[in-house]
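One chain, chain A, appears in both complexes that follow, with chain B as partner in the first and chain C in the second.
Right, the complex of A and B next:
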């Protein structure tokens, strides 16, 4: 492995330079600038802005809407993630099980994945239409005598929360299934055979062979889903009136940030402080999960 | 006796699994199918009941959208422009960066790579307010450049390209290129890029779809009505102007979703295989 390109160090820098410049200009600077704005009372309506220290953050912590937004975002994410990983794991195990021999595995997962590519804004508007008072869901349920009369689902907090959770699950379970299938099939068959010869049952094989070996992919799914979930916006925004109605039941972090930004004064200082808080919270939790669940058996790593 | 029992339970679980898969399939496809069908039905038909068969009102629905001032072709073109430019920049610069990391040794390379890995896990989008303010200051707000330029530095894409390049890179070809007197950039363009073309294509599809669907950034950065992208037009369909024009609303939604479904059916092999490429090391 004695490659003769060590002298070409200079080219390495040249090739990565556009990324680094792009990152500094469009990645790092906006983060620093957002942090800076969060200490000011900047609005879009007046030219001057003042440094106000931690006032934005103090107001934020005193604001009950903020704790509602944080709690909602966590709940909406968790309620979708837990069934998502459960159902996807079941599907992935079925599709990869050599004794069950489920036919058309490729077509099933291709169709299950389809909702993931569709525009979330349209999906939200679609479900709004489907569940509206005169919409198809009410029509169907009333005609099938499953409901005495049309129900105003859009005004029901429980229904709307359930719907946000369902849509998130609906959009993501296919992708999670595909990732888990790839992880399971990358485990060496020799390991399964060895476990079978040792007399391990299906449950034991899953618990002691499959699960430990697919852990890196599970961590990947968990962290990317969390980071995405904490920034949930399009679906809850466009499912109802764009303010997290009814009764703030689907108000998420980003909807609240957007509402501050588009308030009559355009309080971008206050909006920034929401961005900063959610940024810190998400990054800390994501890196903590990654750190806690990282591969610990250094040196003894089993390679498939 | 035990074998019989085993066979029976296997058949039973197979039947149960197929039933469950069929139910999941219905849940997954019915909303999308209703959307497409309703785009072809008149508002009156939609109000009369559910149908799974298309009707013939697609043109009159389109005329209603036009009469309400919703310029669908314009939004389509706007979104296409942004998505195409974003795709070109992301694929080219991510491959370039990944090639720099894979093919050369330099100080700080390991740090850079680990840093990119961490970036994948950081919610950069939450700095959108600072980004907006900064774009206003340099006069790029309400300008597509503010949506397109950040794609030069896409951490997740670099990660994907690095994984892919490690699998396809042939050092001998690079050395042969050098002996033939090709420049380092020439080697990247003429030798590496063609080798990595399938990976570049896969990344391109994902980037295009993500850019096409992106609502949040455009919603904050773009303000002129004639620059609205598809998801921004979709959002206006919720307004009072379209109240009770269900056929037209469904048509507007379908127009944003159907192109992606077509892309998916054309390239599903690339897409489905590409999903696990960044996450699972074979």
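Right, the complex of A and C next:
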């Protein structure tokens, strides 16, 4: 019997092939294509397009709106991520704490995760109606004498930014909590017991046992949240007029890119240049995160 | 190795990110908030359902039609009635925040492109000026026969004189006011006398002061600043772009001055056009935060505003409050036009003759236009052709059509119509017919919509008092530059 057969070592390649093909087709190709487009003046309304070198990028850097969009995106992400990781960590610690023994863990987890299941479109529409000039928030606050007169919240930059931050936090803290709980429970109880016997306090256990061991998950959360944050789009897009109003206060990178794309000519070349900038920015920051939070083994890298 | 893995995973995540960036999916949010003064034709009442296309039937020629309301679907079904061998596959995508335009633009040059497209006033010019629409010049002789208002085909004609789109409507603007309030504040509700009181902008402003004083501040002259936009934009002398240069006509300055005056003096209710408060004023259920009832004296709306906006919203959702019969219509302080739907054929269509015939039927067919305007297309009528027609699909009488021949024939019939009862016995069609010939499309350009939308946010900040007028113009120019990189802006 001498049937031709694949050597067992090659099975692995077979298994990863669907992903690799999918990645090349839907991951790498769009990246390369976008990069190519960003050097042209391609629009959707005209058939011909020209290579214009770095002109799109020149225009972008000369454009004050772009720096506004970048600053906004970072501010909106950081303002929701910092409280998010703090509160999620606190919740995760409480719910995994063996001494607190909180009942109904599953139900709590479900409640935390719930906002994430709702459509961003309906959430945005809900908040828009709640806070509109003739809306219920104004009616309640004025009638309860908490506010002298109705305020046009939708026209208030601080209020709208606050709302975007709150909604983003509210939609994603459950996800983060669940990830952190999974990470904490995967730490061997023997380590906690050993620490307890050695006389470590709660703070010390968290600082020297929990934190170092869940670091890979923290890096994952940080990077995925960063990627999501740099692409923040649906809530700020749908909350007001889709142009980042009032006064460009919730104009994010992706809203700006989308505005180029849907302008009356459909400037996809110029839109791509924004996409490329966001890509570069996110990649650099993500690499920085990996570098800063890398595993340190007394200076010696362990061969993987 | 480990570093490589890390690098690879970062690349991977980043690539996914960019892949997502590269193809922004058009958002189809039915409830997406719109900025005031979006010169968008609102969705007809039943058009709020999710965009959906029916399944094509077997053995029939399929004609793909895209539109941003479900209006044309009525004509599509009537068309199927005349052509049993044709299946019109109708796709409705709302345009509240530009979803329709985005989706249509993204399909240009692909197989997904429809045969026939509906084009709204806000963006019809950019398509007419592009190479994507087929030449429909051979339908021109019919426009003479039916004495179409020039506006109906001039908008659809490109600078080289090729006509690519036609409309079934003419859309002159008007001013609608509440009869009971007019009697209370001006002692008369007679349209002739009220028109004399409001015949120019200064008189309108003076009347606003009277309304405020006599109502103790509880009645506003107008609901939103968006009401004024089309009024002033239509009366400019120069278009927005002259010799590739952004141009601000004095009328635009006059508009800013007027809306500021109305805001500062409390003549305007601070509602947002196309939003709850704006509609609440139509059925008298507007209440401020303290719970005091507020009233709106007048609305600036065009022909289509009567059957599609005012009439459907004149009764509150619970039926407790209604203003039906309490309205009247006059020309108002300035003549203007607003909106309109044009229809064109995409060049790539595989059914050129059929697509052309569809456009002809919808826009230049005397029988269809008559049926359309006089309420022949009831739900029962449509159900007899296609039993699968949804309940709310029908065309009520009253849309102002683009053919003078049809208008003259049907005008008298409107004396007793529901819409005339809505207007306290006034024949709206007669008023529109008087205004229609003055409507022109001389100033329309493809970039209008984007340039006008860009002014909304800075203007509102200026009205709030958070920025100065100078800052407003700077912000607006920045926003325009953002969308038109090649435009010269001083």
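The working rule: the second predicted complex is superposed on the first by the 275 of 304 C-alpha atoms of A that agree within 3 Å, B and C clash if a C-alpha of one lies under 4 Å from a C-alpha of the other, contacts with A are read in each partner's own complex, and residues count from 1 in each chain.
By our rule, a residue touches a chain if its C-beta (ideal position, glycine included) is under 8 Å from a C-beta of that chain, and two chains touch if they have at least 3 such contacts.
Keep in mind the model is a prediction, meaning the values are calculated, not measured.
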Where does A:287 make contact in the superposed view: on chain B (first), on chain C (second), on both, or on neither? both
Quick check for you: in the superposed arrangement, does A:27 touch first (chain B), second (chain C), both or neither? both
Between chain B and chain C, whom does A:246 touch in the aligned arrangement: first, second, both, or neither? second
For A:134, is the partner it touches chain B (first), chain C (second), both, or none of the two (neither)? both
So, does A:261 touch the first partner chain B, the second partner chain C, both, or neither? both
Name the contact category of A:59: first (chain B only), second (chain C only), both, or neither. second
Quick check for you: in the superposed arrangement, does A:13 touch first (chain B), second (chain C), both or neither? first
Contacts of A:45 with chain B and chain C, given as first, second, both or neither: second
Between chain B and chain C, whom does A:278 touch in the aligned arrangement: first, second, both, or neither? both
On chain A, the residue positions that both chain B and chain C contact, one per complex: 23, 26-27, 30-31, 33-34, 121-122, 125, 128-129, 134, 139, 143, 223-224, 227, 230-231, 233-234, 238, 242, 254, 257-258, 261, 271-272, 275-276, 278-279, 282-283, 286-287, 290
Contact set on chain A toward chain B in their complex: 3-6, 8-16, 18-23, 25-27, 29-37, 42, 91, 94, 99-102, 106, 108-115, 117-123, 125-130, 134, 136, 139-140, 143, 170, 174-175, 178-179, 181-183, 186, 217, 220-221, 223-224, 227, 230-231, 233-234, 238, 242, 254, 257-258, 261, 268, 271-272, 275-276, 278-279, 282-283, 286-287, 290
With touch defined as at the start, can you tell me which chain C residues reach chain A in the complex? 1-2, 5-7, 10-24, 26-27, 29-35, 97-98, 101-102, 105-106, 108-109, 123, 126-127, 130-132, 270-272, 275-277, 280, 286-291, 446-447, 449-450, 453-454, 456-458, 460-461, 464, 466-467, 475, 478-479, 481-485
Contacts from chain B onto chain A in the complex sit at residues 10, 13-14, 17-18, 21, 24-25, 27-29, 31-32, 34-35, 38, 46-47, 49-50, 93-94, 96-97, 99-101, 103-107, 109, 112, 118-134, 149-150, 152-153, 155, 158, 171, 175, 184, 188, 209, 212-213, 215-216, 219-220, 230-231, 234-235, 237-238, 246, 249-250, 253, 256-257, 260-261, 263-264, 268, 271-272, 275-276, 279-282
What residues of chain A sit close enough to touch chain C in their complex? 23, 26-28, 30-31, 33-34, 44-47, 59, 63-65, 121-122, 124-125, 128-129, 132-135, 138-139, 141-143, 147, 149-150, 152, 154-155, 223-224, 227, 230-231, 233-234, 237-243, 245-248, 254, 256-267, 270-272, 274-276, 278-279, 282-283, 286-287, 290, 294, 301-304
